[in-house]
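The following pair of complexes shares a single chain, subunit A, combined with subunit B in the former and subunit C in the latter.
Right after this comes the complex of A and B.
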């Protein structure tokens, strides 16, 4: 692996994990009755930026390196299911996350001037779903990396 | 206030995300089941995953603007709940399909 690919992979993992952590922060604040929406919306928009960074860096690594150098080793190894199920599922369900993150960020921005309790609760539910997807994707990534 | 004007965007982006989720789930499963579709994605976008990414990035703003232009009375909280449910169903469909695939059921 070249230094550039290694750097892209590190950026992909770090930005993704930090974005997931940010969604956790957003969720914890949305569970309060009167959250600081200025803070929450800033964290939510930061998560959006990080998910897009994670997406673009993973795209280059995945398209130019994973398929030719990593996938064959996993398929020939002891746990091919790491690719056939976990990687296949992870790479695809990740595609939904940046869009969900935009929706969360927009809703929290709207809540800055309109403290709507029902919208706060539904956005908290959506953030919980995004967080669950994010943790699942990250755990699958650990499994894929560990199976090489 | 600038933030009050965001209400139609909150609604339209929620529905655009739901639509994009459905499109992705259908496209992902169809591309596995229809080799010609996966080949078209590869030939057109260099890689099938890039093709799915580009189509999602293209559909999302189009659907978002379309819903924004419609005068919809759907409550914001309801649109977010609809989005959450559609995302859950899409994710379960994708994961369920690959699970059935490795079990050689589909």
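Right after this comes the complex of A and C.
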């Protein structure tokens, strides 16, 4: 693996993990009755930026390296299911995440000027779904890395 | 100092902050709530303690994932499939889930406190012992037993502190 690819992998993982952590912060604040929406929307938009960074770096890594160098090793190894199920699932579910994150950020921005209890609860539920997807994707990534 | 050593220091600092803050959060809460009233000053102390705990969790997660990257890039991937590693990941996920359930008031505080305190210590112990012959399920069974024991111990301590003073 080249230094560039290693750097991309590091950016992919760390930006993804921090973005998941940010969604956790957003959720914790949205569960309060009167959250600080300015803070919440800033964190939500930061999560969007990090998810897109994680998304683009992983895309380059996947297209230029994973398919040709990593995937064959996993398929030939003891746990090919790491690719056939976990990676295949991860790479498709992950496509949703940046757009779910944008929806959360837009909703929290709207809430800054129009505090609404029902929208707050719906946004909290959407953030919970995003958090669940994020944790699942991260866990799948660890399984894939551990199966090489 | 190597990058690996920096990660180890970050991981240890995160664990120390988390375990220490979880311990003192429990001590402070038990002490402050002995008169069934938590005043503003006591609330501020608890708030600072929880902030330290969250900082510890953040450092632990970031350094933990940095370790994963390090192992992946150096091709030492056997760690990523070990039972103790996955048990530790589960414990960290429980810590996050527990915080959410406490925030929504779905989980009673007594149970949440026991889960939080036990989880931090289990994460610390799993980190210290490293590899173990126990399976993932066995570790989780011990973990659940520990939560129950800690829960009963905390209940006993709180009952003692709340007991009417003998004149």
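Keep this in mind: the second predicted complex is superposed on the first by the 148 of 148 C-alpha atoms of A that agree within 3 Å, B and C clash if a C-alpha of one lies under 4 Å from a C-alpha of the other, contacts with A are read in each partner's own complex, and residues count from 1 in each chain.
We adopt the following convention: a contact is a pair of C-beta atoms (placed from the backbone, for glycine too) under 8 Å apart; a residue touches a chain by one contact, two chains touch by 3 or more.
Worth saying up front: this structure is predicted, and the values here are computed from it rather than measured.
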{"item": "Clash or fit, subunit B versus subunit C on superposed subunit A", "value": "fit"}
{"item": "First, second, both or neither for A:145, with subunit B first and subunit C second", "value": "second"}
{"item": "Partner chain(s) touched by A:21 [first = subunit B, second = subunit C, both, neither]", "value": "second"}
{"item": "Per-residue contact with subunit A, leading partner among subunit C and subunit B", "value": "B"}
{"item": "First, second, both or neither for A:11, with subunit B first and subunit C second", "value": "neither"}
{"item": "First, second, both or neither for A:118, with subunit B first and subunit C second", "value": "first"}
{"item": "First (subunit B), second (subunit C), both or neither touched by A:75", "value": "neither"}
{"item": "Angle at the Cα centre of subunit A, taken between the Cα centres of subunit B and subunit C once the superposition is applied, in steps of 10 degrees", "value": "140"}
{"item": "Which superposed partner A:49 touches (first subunit B, second subunit C, both, neither)", "value": "neither"}
{"item": "Overlay on chain A, subunit C to subunit B nearest C-alpha distance, Å", "value": "19"}
{"item": "Complex interface listing, subunit B residues touching subunit A", "value": "1-4, 6-7, 9-10, 13-14, 16-17, 20-21, 24, 28, 46-47, 49-50, 52-53, 56, 60, 75-78, 80-81, 83-84, 87-88, 90-91, 94-95, 98-99, 101-102"}
{"item": "Of all residues in subunit A, those that touch subunit C in their complex", "value": "1, 6, 9-10, 13-14, 17-18, 21, 24, 27-28, 31-32, 128, 135, 138-139, 142-143, 145-148"}
{"item": "Subunit A-touching residues of subunit C, taken from the complex the two chains share", "value": "58, 61-62, 65-66, 68-69, 71-73, 75, 77-81, 89, 93, 96, 99-100, 103-104"}
{"item": "Of subunit A, residues touching subunit B in the complex", "value": "55, 59, 62-63, 67, 81, 84-85, 88-89, 91-93, 95-96, 99-100, 102-103, 106-107, 109-110, 112-114, 116, 118-119, 121-123, 125-126, 129, 133"}
